[in-house]
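Common to both upcoming complexes is chain A, partnered first by chain B, then by chain C.
And now, the complex of A and B:
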């Protein structure tokens, strides 16, 4: 492809225009060329965006609005055929949800607390493992490509195939994990229950971290490839060792990427439905009852979609609040650093 | 020759890293490899075991190797049907999503227009919303559309395709904008000069130059649709069930055929894992291109 610049060549269309218009001056010709382009530019970008906008409207925006409307209605199974006919209940769905003394509100609060704890632990561990691996694999060494493929495989697997395998591993009687820690190492006097009771929280974290750390690894690896080599060379001339280079160059350089990465990991983990749903089936133990699964189960268990929507809206508000606060906090920190 | 040179010159430092670093690297990476690989080994080895091996105590080494599970999986549940449903749904969602994303990304990359920032931010922000928020209303909306127009969206592949294509759309647009931005504008200006319209420039110049990015986005869109569970669990029926829901069928039998479960898991994983690993480099470049912006 030849590199052409607009100054080298008069556009053919302009020549045609010029011929039709009867030999205008070069200055006028440029003006006439720009006009139709401008008109086109006015509508064309919107036309190009239209399909994307339509789909987003249909699948995301409209349902969101409908969901908010539903949350103010007494939308029980009797009204599912025609949800618009369901009676308005004002805030009563919300009142039930936040009445933490009653069993329904208390269950929601429990699920919320479990989800918060799960998110903090799983995101920290995923980020830590991803960062460690990305730093250690920055330099080339024999087998690096193979190792990278291995590390990424848990993330590439379809989530259901991965979690079903973990369910097999975590069985009490015949699972691999108990075989190792009970039969082979003799660490426990009885085989542990991993999929019921309080230990299910550990199982949940284990599977979520196994699944998500490769994503952190992938993103950070990409970010670290962009750090200019000269920075390291300059640091070496100053006598900085490997550990100092990591602390002074690598970690600060990937800070902007970390800002987005941690947010994305937070949102995914907090909204995680797949891991608990596939690991425990429809009845998740209390200690692993993440909020998405909780809303799902109570909505499809009772067919009270109004209440389910109210809980979803509360969840969304919480996420918006945290995200806004997080972005405000992290960008202020970064701004201060640059000054 | 050039390979050996590259191998001898490490990426970060011309001097060899200290022993402490090398040993830390060896130990940590070995542990991480074990963590990543153990479940994969369990999946692979168990899929080649006879049923006695998986219903009794766990064994690291199969008592005998058999490919029987790989034959039986197709009869225990209608796996072929689920597989076909997944192929149709994920394939159609990918093609549609990538096409729509190409148009949108071209507009964002090449034009300045009112509402550009609002568009990019609002589209990206749909990624943060919990799926459960859309699920209940969408379930009802699809049912209502079905009642009103006779178009069966609920329980059909069409409804699922429509839903999945929007799941990958925001990220696809974002990645493609990064890709398109890295293609010199001079190229499409030259094409315009040669008499192409804006769409001609898009399809004759920009799209061919962005093939790696488009492939990476396609893999991402396919993986998203292939692995989705939440919407598949309520929006499919026994005819349109995808693998995400269908695979749980092995566990509802009176006896769980774990060797078959593992074999089926492996079979449904191969297409996406192979695609992902082959294209991870493109994906990394695409991610970086998008994030540089």
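And now, the complex of A and C:
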């Protein structure tokens, strides 16, 4: 963004300076002398971007490369202190990870499947709730500001405090949820387990959606406020109902925003570590054993960081692939529509 | 503008240095240096009721050390759930504390990393010799046949805590001495919302500590002489099934215990929801939860009525905390002075009394603070019938994998599934197969 603005602005200014004719101030002249025209016009933006690029490399790329290198090593407790000395293992970490007939690969595959299912459900629900709330919040009514603020609370709360509170609510014997549905309403014959067994998947989706939908709401609400009111008025004159207005005006108008929103929600949800870790601790139930937790357990729990890195690299490849595919697919669709 | 540029340049340099340091994998020289003799960084584990409580307890001792030696100690109390991760990170980066507390079950695993200073004879001399320590505690400081990389700081053992009032109401006069008796009195004590026993079913460390004791009593070692895992032997299956069965078959544990991992079982015991609890030095936590020492009794953890062939008379792991010196400390002498100070009789008495643990230093044990009913039972257990958890480099994997398998078995049992021998074996086999990674 910054790069574009700078490139756009620099040439006209140079022209202005020249057009001013007569005598540019000595100070400016000195400046111009030091920086060759070509560099000033074409290179300056890049020069300004350089520090950011350098930091990006240091903070993101270097650890990633280190991680990739580690994934080709046998990095167990014996080599932890000086991991450069760990023996190279070629592809053996990867072979173990993708050998789905063997127990370790099978566990990884299970965890991957659970994560995919969880992501699809949680992202869909978050998006649906966010969109619905954003549409409803377009109307002006009393208390709208208050409701908006209330809706955003889950997103504003510190994640640790929020998820720990959920863990308390979901406890079987003393939790609020069972107190309401079992003790007070009598809907279940026995108190239900929410944090172990198959129900833990439901709990995980519940907390993740609770946590993420305000983000969808916030982004979509902002996007919808940019839709000109006249479009709706015109549609109403043409006799379009509410549903048609949503389908024909609102949704197409926020499409570019949705494209990014869904991608971001997907990546966050797929990689989510905090929610399952805080909810279930180290011994996550199999039905809620998300891949990030699985990788954490496979590296920090068993001290096999080479293997953990190999799984991380596989995860990275998968996410890159999905992201690239998604962007390709959605952008092509959009271009086609507009042409 | 200029200032930001300088700051940025400084930041880049700092980051580059950090990366170079990481790349080198930290200290390559062994034994540390004495480049920074006036300062020490100490990572303490969370022994008290809170981080603040620990700081309050430790501060006066650290001040005393500073007075004696002139060395400033920067204290950081690290919570248990992040201590091991922090140590592993420090090990990889080489950027760690000078002195640190470790859970004694990690001793052999951390020893294998080479991150901790080995206590050879000479180093032991520097802190007053190894014969000051109780032998069982010293056995949990590293693999056999190698120099230990830590020394014992606080000792703990498991005991059977029982609610005197509930026992009296049920007409039970003696705490159970065998598991068979425990199940029998447990059944008599289980009534409505009150259960015979509370367990911490989703806690990996608690599960695995019990796996170890039941394993010893059944003759299962979990590792063979070569250090290879043997998680799913018939003995191991029988041992773990016996523990899970308290919930699954005997019905003396509330099904809800299957999801306990935040010491809810201690609360259940303190509030009378459960009549018995197997725990290490629970006294301080029970008092904090409003249960006074007169209300409960402490007995040794039960044994098997008819010990199976190969079974050992072990009823507790050697639990406790060790203190270690980070190998690339820049204040080696100061760090050893500090270890000596922390294991001196006076400091030992003060700290262990405050934390409700037992001094692993023999001469400090004789003090009368440690002559309570609770600590006497735990002390005798430690002296006579406690064994250290497997001192092999793969111990941490064992904890994680078997502890998780047991949490899953508890969850299955609580969900109404029958826990057969095959079901236990299947989980244990799967856990063992994860070791080959």
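Side notes on the structure shown:
Operating definition for what follows: the second predicted complex is superposed on the first by the 287 of 339 C-alpha atoms of A that agree within 3 Å, B and C clash if a C-alpha of one lies under 4 Å from a C-alpha of the other, contacts with A are read in each partner's own complex, and residues count from 1 in each chain.
The rule we apply is simple: a residue touches a chain if its C-beta (ideal position, glycine included) is under 8 Å from a C-beta of that chain, and two chains touch if they have at least 3 such contacts.
These numbers were taken from a predicted model, which means no experiment stands behind them.
By the touch criterion defined above, A:159 reaches chain B but does not reach chain C.
In the superposed pair of complexes, A:265 makes contact with neither chain B nor chain C.
Contact with both chain B and chain C is seen for A:62 once the two complexes are overlaid on the shared chain. In the superposed model, A:288 makes contact with neither chain B nor chain C.
In the overlay built on the shared chain, the residue A:148 is in contact with chain B alone; chain C does not reach it. Look at A:314: by the touch rule set out above, it reaches neither chain B nor chain C.
Within the superposed three-chain model, A:176 lies in touch with chain B and out of touch with chain C [touch as defined at top].
Judged by the touch definition given at the top, the superposed model places A:236 against chain B, while chain C stays out of reach. For chain A, the partner that touches more of its residues is B, with chain B and chain C as the two candidates.
Comparing the two complexes, residues 51, 55, 58-59, 62, 66, 80-83, 300 of chain A contact chain B in one case and chain C in the other. Against chain A, in their complex, chain B makes its touches with residues 6-7, 10-15, 17-18, 21, 24-25, 28-29, 32-33, 35-40, 42-43, 46, 54-58, 99-101, 103-104, 106-108, 111, 113, 116, 119, 123, 126-138, 140-141, 143-144, 147, 162-163, 165-166, 169-170, 173, 186-187, 189-190, 192-195, 198, 205, 223, 226-227, 229-230, 233-234, 243-244, 247-248, 251, 258, 261-262, 265-266, 268-269, 272-273, 276-277, 280, 283-285, 287-288, 291-292.
Taken together, the chain C residues at the contact with chain A in this complex read 8, 12, 15-16, 19, 22-28, 84-85, 88, 91-92, 94, 109-110, 112-115, 202-204, 254-256, 258-259, 261, 327, 393, 396-397, 400-401, 403-404, 407-408, 410-412, 414-415, 430, 433-437.
Within the complex, the chain A residues that touch chain B are 1-6, 9, 11-13, 40-42, 44-46, 48-49, 51-53, 55-56, 58-60, 62-64, 66-67, 70, 80-83, 129, 132-133, 136-142, 147-162, 164-166, 168-169, 174-176, 178-179, 183, 210, 214, 218-219, 221-223, 225-226, 229, 232-233, 236, 241-243, 245, 257, 260, 264, 267, 270-271, 273-274, 277-278, 292, 295-296, 299-300, 305, 308-309, 312-313, 315-316, 319, 323. Only residues 51, 54-55, 58-59, 62, 66, 77-78, 80-85, 96, 102-104, 107, 171-173, 191, 193, 195-198, 281-283, 285-286, 297-298, 300-304, 307 of chain A touch chain C when the two sit together in their complex.
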